[in-house]
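Each of the next two complexes has subunit A plus one more chain, namely subunit B in the first and subunit C in the second.
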Partner chain A sequence: MANRTDKEAYTIHGTNPQNLVEYIVRNKIYQTVYWKESCFALTAETLIDKAVDLKAAGGTYGGQDKPTNFMCLILKMLQIQPDKEIIIEYIRNEDFKYVRLLGAFYMRLVGRPLEVYQYLEPLYNDYRKIRVMTKEGKYMVSHVDELVDAMLNKDHLFDIALPRIPTRYALEKTGQLDKRVSVLDEEFDEAMLEQETGTAAERAAQARRHC
Partner chain B sequence: MLLLVQLSCPCWQVQLCNLTPPYPTLSSLQVRRYWAGKAPDWATQEQQHLQDLSLAEGRGEPVRTEVAAPVVVQRKADPRLARLAASRNEDVEEVRNRHREVRAAEIVRRRAEEEARGEVPRPDSEEDEDDVGAKQDQQRVPEEDEGEADRRRQAVRERLIQQQKANEAAVQQQQQQQQGEDEEEEEEEESEYETDSEDEAYAGRRLLKPVFVPKESRETIAERERLEREEQEAELREKQRQEERKAETRQIVAEHVAAEAQAARQVPDEVQRNGAELEEVNTDDEEDQVEAFEQWKVRELSRIGRDREEREKQAAAAQERERLKHMTEEERREWERANPKIEKPKQKEKWTYLQKYWHKGAFFQEAEDDPRGTTGRDAIFDRDYSAPTGEDKFNKEILPKVMQVRNFGRSGRTKWTHLLEEDTTNYDDQAIKALSEKRRAIGAPGGAKEEFSKPKKFRT
Partner chain C sequence: MQGPEEKEAEKDGETALDIRKRKRLERDPLHQGLIVQRSHLKGREYQIDLAARLGKTQVVGVNMPLNQQAGYYCSVCDCILRDSQSYLDHINGKWHNRALGMTMRVEKSTVDQVRKRLEENKKKKEEKNDDDYLPDGIDRRILEAEQAEERAQEEKRTRKLEKKQKERQQREEEETEGADADMMAVMGFGGFGTTKK
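And then the complex of A and B:
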């Protein structure tokens, strides 16, 4: 009864939004204490309170594949299906990094490819440290931009299969996206120039030596 | 004989099948009703008797059974019985006389005689006056001088030796009569040897006259002083050793602390692989902003580089495709010559005789080239699956012909040998030779070897 998706929710990628989390992992989340205690009757606002208390991101861990609280909240978001504006607010907020990650991950699962690229790429500039739960149940240090990179370039994250989105190049070719502009573009170009000149100078030096 | 048999009739009671005459009649095979407490019709007097017995036992009454003949148990010959039999045959008078005999200990020698000689009685002699004599002796020892006591002891020992000699002499005489000379000699030698050593020991026991030894030449004092000096030296050494150890431990501790500090700075391998506890992972962003920024810069630049490379690669491939699409035939041929499709000649691997073919499995053979793949390719897929394994390693050619088959033992396992052994073709015949050559040229079956060029499609 408590695990049904909201009646007024849209279908995502042609199916019940909760089906984005596959069956076994989903059942494991339903059986966790965190889900039963804290995730009951959450709304978009009360969900923020829970998200603020998050200490780590991660998928399932341990020999029993126990899901993290992060995953429970993601499933809750899929269940209640908050509006796009709320999700954009989650992503835009600067104070809480785990709230940001929740929003970004939800967007990646649910959003259209254009929106995904549009809202996730600004997060490349956020280099704050976060904790990620490893498979063994211990924690590792990671950064927000590393996770966002994984979201955009990999097909599995946090034990959830990410829906397929076209590559950036494909979207650029069709004209829907502009070329990616990064903050460090100029620095990159400078570095490339230096390298090229460096190699050219080396080659010149070698040639002189041989002659 | 009574047997319990469950009849095939649809009744739920067990009937006694009476095999003794009279045999069960038709009427007796009818179904009888059972009443609780009522003896059924088939319960005979014997049964009644047995039942009465069991009831009597339950009530605690003595159960009268038939008296059986006593079983005689043969026991071992009891000495008491033998004695009884012997005593029965004896004379009464003899018995009475025996009773009158005084069974008292024999007096070997009197204590009074020993005291007169000034000797101590032997401890293992059982005399009636033993206890009294012992007490008397204990009272006397402190009164007498030590020298006298020693003398007494010596005299006793000498007497012992003499007695032993006498005994041995007697024994020897007996043995001389019975055995050969070699054994006698050995015994004599042994006895002589023993007595010699004892004599010497007792000779040395003779006391020397006490002579006064001045303090300086006394060994005891010198030894005591030596011991004291050694103790002091040992103490000094101990102190030195302890100090050395302290210094060592201090050094070790310092090294340990330094090593720990270094280890704390570096992230250990285990933590890198598995991660640390929640508290250990520090996610404060205020610390080391500069370092964090630098790290981010590195990451971002690598991402930009990756994106650029991919874009360039894709653009180049697209361009190439465009060019090929619009090439003319001659250009195409030239291009083909320039980039020939190098197909590695598949060298057919040599397998052992009757080697089994194991399929790798159709699933889980992910390509490494998947750019979005999170799971890599397991090293197990790079194994050589054409290598012999298990039963393939045995030489099957030494087996009998019947067993030279895969999965020997399964039904229907005759190996198809293409009837070569039944073939009676005479291969020396010219016509047959020509035919076989032609066949070899074609390649059998036709179409197995690809020797023509297929039209190649260009991928758009």
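And then the complex of A and C:
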């Protein structure tokens, strides 16, 4: 029915993709008015219109464990399974933070470990403010990079058990992943380099004086 | 919802389920040969405004024609739904959409469609001037408000200045007019027309 996973969808981690969202949460989502009214018949294209209106990320909240609209759209994506190129487009877009976060979270749920690191790590440079709906039903200010860090390093996020991925360290060890260079690292290196060349020049000058 | 169907069933020896199945087929444009293939599921282009009545169950009379009974009437399937929730479930459901000639699967979007949609939304956002709550948005709106105020003050100032200028001009005119009149009286002619002799 309107909740069924697309017939041609691939299984993810050996199961129906929608099963990544736990049974209880899933059924809560199917019961929301947002799902029934706004998520009906969405495609990867029309879903964008809904995603640009998101005001927060998050899982479920309040005494009733009400699912956020963010979580409804994640389930919708699991249902229709957009092509990988489309998810990358969601992530690459710079204009809509929550479209980017939907793409990143979806990639984290269904992507291969290397892809997950490849497409999520660049978002460490996105410091924009976002809102997260907490379990207690309050908005909390966070940032895109913070949330991406949680996606990469936590076991659970937004009431979803994140599929296991090897640590970055393990992937570096086996040579599958190069050492991550963050913008901050680069700046730090440059500063160090300047300092070093500075002292080197000084030393050279001193040496000349001594001669 | 079952009332009339059950009565019919007693007459024809069909079970309620048989009738429902038969009616479904009668409403199915594919089965009726009106279409060759069911189309993809498409989104509704209208807004369902149920919020006001949401969750409120309404009493459904038994002997009234379906479309006059209380509740939510679906004209496509000629059936009544008790409340807004079951109505929503119904119009999202397989049989209703099959009657509209659609499957339950949506079209697969292409990357190009997605890019275009993002672009369109970006344009829309720029036109709308973005009511984002974040600091950037606030800063811009404050700036705009300040600029608007400045403009208003500027206008006020120019208006005042113009008014003053006009008053001065008027005063001067009056004064010169007065002077002219005196002068003319002294010189003995009463108007320009008379200067030509």
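Just so we're on the same page, the second predicted complex is superposed on the first by the 185 of 211 C-alpha atoms of A that agree within 3 Å, B and C clash if a C-alpha of one lies under 4 Å from a C-alpha of the other, contacts with A are read in each partner's own complex, and residues count from 1 in each chain.
Note that in this section a residue touches a chain if its C-beta (ideal position, glycine included) is under 8 Å from a C-beta of that chain, and two chains touch if they have at least 3 such contacts.
Please read these numbers as outputs of a predicted model, since none were measured by experiment.
Peer 1: A:Lys154 contacts which: subunit B (first), subunit C (second), both, neither?
Peer 2: first
Peer 1: A:Glu136 in the overlay: touching subunit B, subunit C, both, or neither? Say first, second, both or neither.
Peer 2: The answer is first: A:Glu136 touches subunit B but not subunit C.
Peer 1: Is A:Lys7 touching the first partner subunit B, the second partner subunit C, both, or neither of them?
Peer 2: It touches subunit C, and subunit B stays clear.
Peer 1: Per the contact definition in the header, classify A:Asp49: touching subunit B only (first), subunit C only (second), both, or neither.
Peer 2: A:Asp49 contacts subunit C only, not subunit B.
Peer 1: Quick check for you: in the superposed arrangement, does A:Glu89 touch first (subunit B), second (subunit C), both or neither?
Peer 2: In the superposed model, A:Glu89 contacts subunit C only, not subunit B.
Peer 1: If you stack the two complexes on chain A, which partner ends up touching A:Glu37: first (subunit B), second (subunit C), both, or neither?
Peer 2: A:Glu37 contacts subunit C only, not subunit B.
Peer 1: Based on the superposed arrangement, let me know which partner A:Val99 touches: subunit B (first), subunit C (second), both, or neither?
Peer 2: second
Peer 1: Where on subunit A do the contacts with subunit B and the contacts with subunit C coincide?
Peer 2: Overlap of subunit B and subunit C footprints on subunit A: residues 128-129.
Peer 1: Can you list the residues on subunit A that touch subunit B in the complex?
Peer 2: Result: residues 55-56, 124-125, 127-134, 136, 138-141, 143, 145-146, 149, 153-157, 167-169, 172, 180, 182-185, 187-188, 191 of subunit A touch subunit B.
Peer 1: Which residues of subunit C touch subunit A in the complex?
Peer 2: Of all residues in subunit C, those touching subunit A are 41-44, 48, 50-51, 54, 88-89, 92-94, 104-109, 111, 113-115, 117-118, 121-122, 125, 134-135.
Peer 1: Subunit C touches which residues of subunit A in the complex?
Peer 2: 1-2, 4, 6-7, 33, 36-37, 40-46, 48-49, 52, 80, 82-83, 85-86, 89-90, 93, 95-96, 99, 128-129
Peer 1: Where on subunit B does subunit A make contact in their complex?
Peer 2: 271, 274-278, 280-285, 292-293, 295-297, 299-301, 303-305, 307-308, 310-311, 314, 370-375
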